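First chain written, first letter: the chains are A, B, C and D, and each begins at residue 1.
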Amino acid sequence: MAIVLGPNRYGKAETRLVRVHRDGDTHRLVDLNVGVALSGDLSATHLTGDNAGVLPTDTMKNTVYAFAKQHGVGEPETFALLLARHFVETQGQVRSARVTVESFAWDRLGPHSFRRRGEHTRTTAVTVTREATQVVSGVTGLVLMNTTASEFHGFVRDRYTTLPETTDRILATAVDAKWRHLGDRADWGTSFEGAVDALTDAFVNTYSMSLQQTLMSMGTMVLTARPELAEIRLALPNKHHYLVDLSVFGLENENEVFLAGDRPYGLIEGTVTRDDVPPAAVEWYL
Amino acid sequence: MAIVLGPNRYGKAETRLVRVHRDGDTHRLVDLNVGVALSGDLSATHLTGDNAGVLPTDTMKNTVYAFAKQHGVGEPETFALLLARHFVETQGQVRSARVTVESFAWDRLGPHSFRRRGEHTRTTAVTVTREATQVVSGVTGLVLMNTTASEFHGFVRDRYTTLPETTDRILATAVDAKWRHLGDRADWGTSFEGAVDALTDAFVNTYSMSLQQTLMSMGTMVLTARPELAEIRLALPNKHHYLVDLSVFGLENENEVFLAGDRPYGLIEGTVTRDDVPPAAVEWYL
Amino acid sequence: MAIVLGPNRYGKAETRLVRVHRDGDTHRLVDLNVGVALSGDLSATHLTGDNAGVLPTDTMKNTVYAFAKQHGVGEPETFALLLARHFVETQGQVRSARVTVESFAWDRLGPHSFRRRGEHTRTTAVTVTREATQVVSGVTGLVLMNTTASEFHGFVRDRYTTLPETTDRILATAVDAKWRHLGDRADWGTSFEGAVDALTDAFVNTYSMSLQQTLMSMGTMVLTARPELAEIRLALPNKHHYLVDLSVFGLENENEVFLAGDRPYGLIEGTVTRDDVPPAAVEWYL
Amino acid sequence: MAIVLGPNRYGKAETRLVRVHRDGDTHRLVDLNVGVALSGDLSATHLTGDNAGVLPTDTMKNTVYAFAKQHGVGEPETFALLLARHFVETQGQVRSARVTVESFAWDRLGPHSFRRRGEHTRTTAVTVTREATQVVSGVTGLVLMNTTASEFHGFVRDRYTTLPETTDRILATAVDAKWRHLGDRADWGTSFEGAVDALTDAFVNTYSMSLQQTLMSMGTMVLTARPELAEIRLALPNKHHYLVDLSVFGLENENEVFLAGDRPYGLIEGTVTRDDVPPAAVEWYL
């Protein structure tokens, strides 16, 4: 028996880049949080502290800023691919590079003025290895609510079940979704907007018997609308809204007054996929 | 010399209320975080544990939910006034009630479907005493950026000053503003929207020599636009965007690539007021 | 009627300083978060953007780091006084300097090795004006719990009161306390440790009929133990632990199983003071 | 081509349990945050909204509280195993149950008085399937620092590398570690304390040429000390402490004054394993 090094990677997390593109007096703004992680032949530094194969994480940060100048920054997927390919192509000891990007949207107020939009964050996770390229896009923090058109009944009852059945409840969630692209070329911006629209439309238009059913509907509508996608994974917290019992005050609560709970919360996680797509090149979720 | 009880208050913080108003098939949604704090003759509970003058904080929570049913919830100022007056009027030992409300906005997606808007939070702090009523409204989390039209130079230089002067920098802030109303009646919704518009317009249209100048401009424009307001207080973090030195890579950075810093940050705080208004009835800021 | 500038201040928030003192092979570590705010004659920058009286906030940050080298860093009160006096003495336009410090404690693991202690944060807020000096110390994040020896009954009951009376409940809080020193010289370290011990002992040893009573006991014990202190203000959230109703499962819950709630929470705020001390030179709380 | 349901699970996250064990006048306190996730035959609810196979997440929460009464709560691994086995054994449609626990430590102040310790959180993730049982324990939030005995040089230099080599730097990290047990029986408390001690000792006593080398040392020492463990995975942020350039003020900074940075940060992730252990039954990390 010996104790040995297993899978490993290293990189720079949370490099905060703001890139201003000046087209005359009208400016365009890109606001990103970039992460880089590299893996490959990194035994020496672990075993003996020999850093001959270690590109400093400080260099990764510098590369993000330098590339932002040299190449500009358009869609986050494009920028992430550029960075990931650079590390694999220029560093022989690197066998895989993973670049993640959070993109924060700003609304234009004037030629050089902006207000940050807070309603959701666009995400990207690109992995480039010597054999494969994989692009995953996603969204987090998209909070949706239906104040009716949601039921929950017919579920298992055991000794510990006290939940009443309901034919009218609030259904609310904060969508955390990631979707895997079939290829490494796409109209990334259109694809993202289309996916978010499909997620939203499905949530709004599904008469829900369970959040699982809504999840399946959301995933199906995204894949139906976006042929460039292979599969989608959703993590949907059930943001419980508890009907407040007002009867003790002589008041009837006809699904009008709710306590918005923080914890605990239900958490529904699921994948929706095409049945004929190649498997993911590398693990891409959670 | 004796050790004695000084100023004190107690209450319930962060009661999370979601109120659905059902006008036929079309629902209206109100999403609030309510705080209540009462003061008055509370010596007994502090000194002997005699609770005969203590309305439980649990009751304050219940009152929030019951009032939401009985009276509905429109503008947060109206709801806060209703609650504050209730406690002062029904509890003889209470001499002052302070009700604070955070309001979270949702965009409509359908007759009963909503998406939470994240760009800012509306705030209200109402104080009702036996002698006076004071209404303060505000906004937090409104993040604004100008990518040019901001200079900073001509400042004091001492032994520890290394900051270069600049005639072109990014100016960004997260507006935290509170404004005091002259009276306790207003078209609260219009007033709020007008104040936020004035804040935003002033930020966008002020060619800035310092964030202090921008603050003064923002406060002045709000008071000019909204005659129902007595004064406004602003806390403006200077969200620094550091120009990245790319010269070492042979690249010129013409105000294009920035590192968005977290800490430390400048913090500019100031009040803008009419010179002929009565002073605040109770301390209302910080 | 005119619109005019009111009270204002500006400064640098959250300068993160780690200072290593090397006494031979044994190192001493100080870990601080420092804030500086200056006020005085600042009209020009607000009204015209003339910065001739503005010491840059970047300089305040530099001063923190330079003073850490020049003077070393011992007790946070001493370091804060040094900084505040520097700004008032060297900048004629500055009439008041406020320096705040959060201190993070580390446990020693070896001559140059440390583990961060997380149980509470020590705070300091020093104000130096041309006329007065005021030192406030405090603690935040000190979470205490008694699993019994707490009752709550005999309170007001109105239409909205449903809370049952109890003679045995959990009492838990996260102590947020600040205390004002009578002078500007003290054995700051001993004073702080003594105050925290007194707060803790009072919480542990008070048989509580209300959190207000516990608050009064805590404040009284601190002032009794520490003659160098003028007054103390406490903000004590009532971290509710709800007894879970297990009777529906045929189980009796004899104060054994609790749901630890997040929101809402009670919030008890109060001041305990000596009756013969001079009033505070400047507002120091909230 | 069809669109189909892929891997999925659901459950209740963040059930906050406080359990008081009363042994006469001396109380013992357990403070947990429990998550439950079940997977199995859940197609119906996703595809048609038929919930006949869905045990409500509300029931999972109830089960946590009821089991805390019925069985008491000792080591978190034991409690998690009890819960996970219950769901697999009593629900035929459930093929896998994963129970995660965060444990918050409290220091005793008296027979029924406690102060929350903040320095780290103990974690547990138990997975029970029809075929296998897997127990993972861990720690998060353990923040360690060496103020010397850390070098970093000999690394790759490319066009974007500006980092100077150093033979004396601060090394600081917030340990996030998880370790997989070989079996499902152990003296869990002793095992946890021993693993944390080994992690800490390795960090303190490793003269470090890279954080990777420190990681390998930490993992090796844990496996050497704890024969009941199969492997360990570590995620170590490099909490950068930047030496402040004081030369411009005529001061020399001999590794004494540092700026503690927040973002970006290096992130070193790696696994250390025995070379003869069976692979994990289910994916257990990230």
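A few points about this structure:
As a convention for this text, a residue touches a chain if its C-beta (ideal position, glycine included) is under 8 Å from a C-beta of that chain, and two chains touch if they have at least 3 such contacts.
By chain, UniProt protein names: A, B, C, D = Uricase.
Only a predicted model underlies this, so the values are computations on that prediction, with no experimental measurement involved.
Because chain C (Uricase) and chain D (Uricase) share one sequence, their contact can be compared position by position; here over half of the interface residue numbers appear on both sides.
Between A-D and A-C, more C-beta contact pairs join the chains of A-D. Per-chain CA centroids place chain A (Uricase) at a distance of 22 Å from chain D (Uricase). Centroid to centroid, with C-alpha atoms defining each point, chain C (Uricase) and chain D (Uricase) lie 31 Å apart.
Look at where the CA atoms of chain A (Uricase) average out and do the same for chain C (Uricase): the two points lie 38 Å apart. Multi-chain contact residues of chain D (Uricase), defined as those touching 2 or more other chains: 16, 62, 66, 160, 162, 249, 262-263. Viewed as a contact network, the protein chains are fully connected, with every chain touching every other.
Chain C (Uricase) contributes residues 159-160, 162, 248-249, 262-263 to its touches with chain A (Uricase) in the complex.
Residue ranges on chain C (Uricase) touching chain D (Uricase), taken from their complex, read 16-22, 27, 29, 31, 62, 65-66, 68-70, 106-107, 109-110, 112-120, 141-149, 170, 200, 203-205, 241, 244, 246, 249, 251, 253-262.
Those residues of chain D (Uricase) whose C-beta lies close enough to touch chain A (Uricase) in the complex are 1-16, 35, 37, 42, 45-59, 61-63, 66, 90-91, 152-156, 158, 160-163, 208-210, 212-213, 215-216, 219-220, 223-224, 231, 233, 237-238, 263-276, 283, 286.
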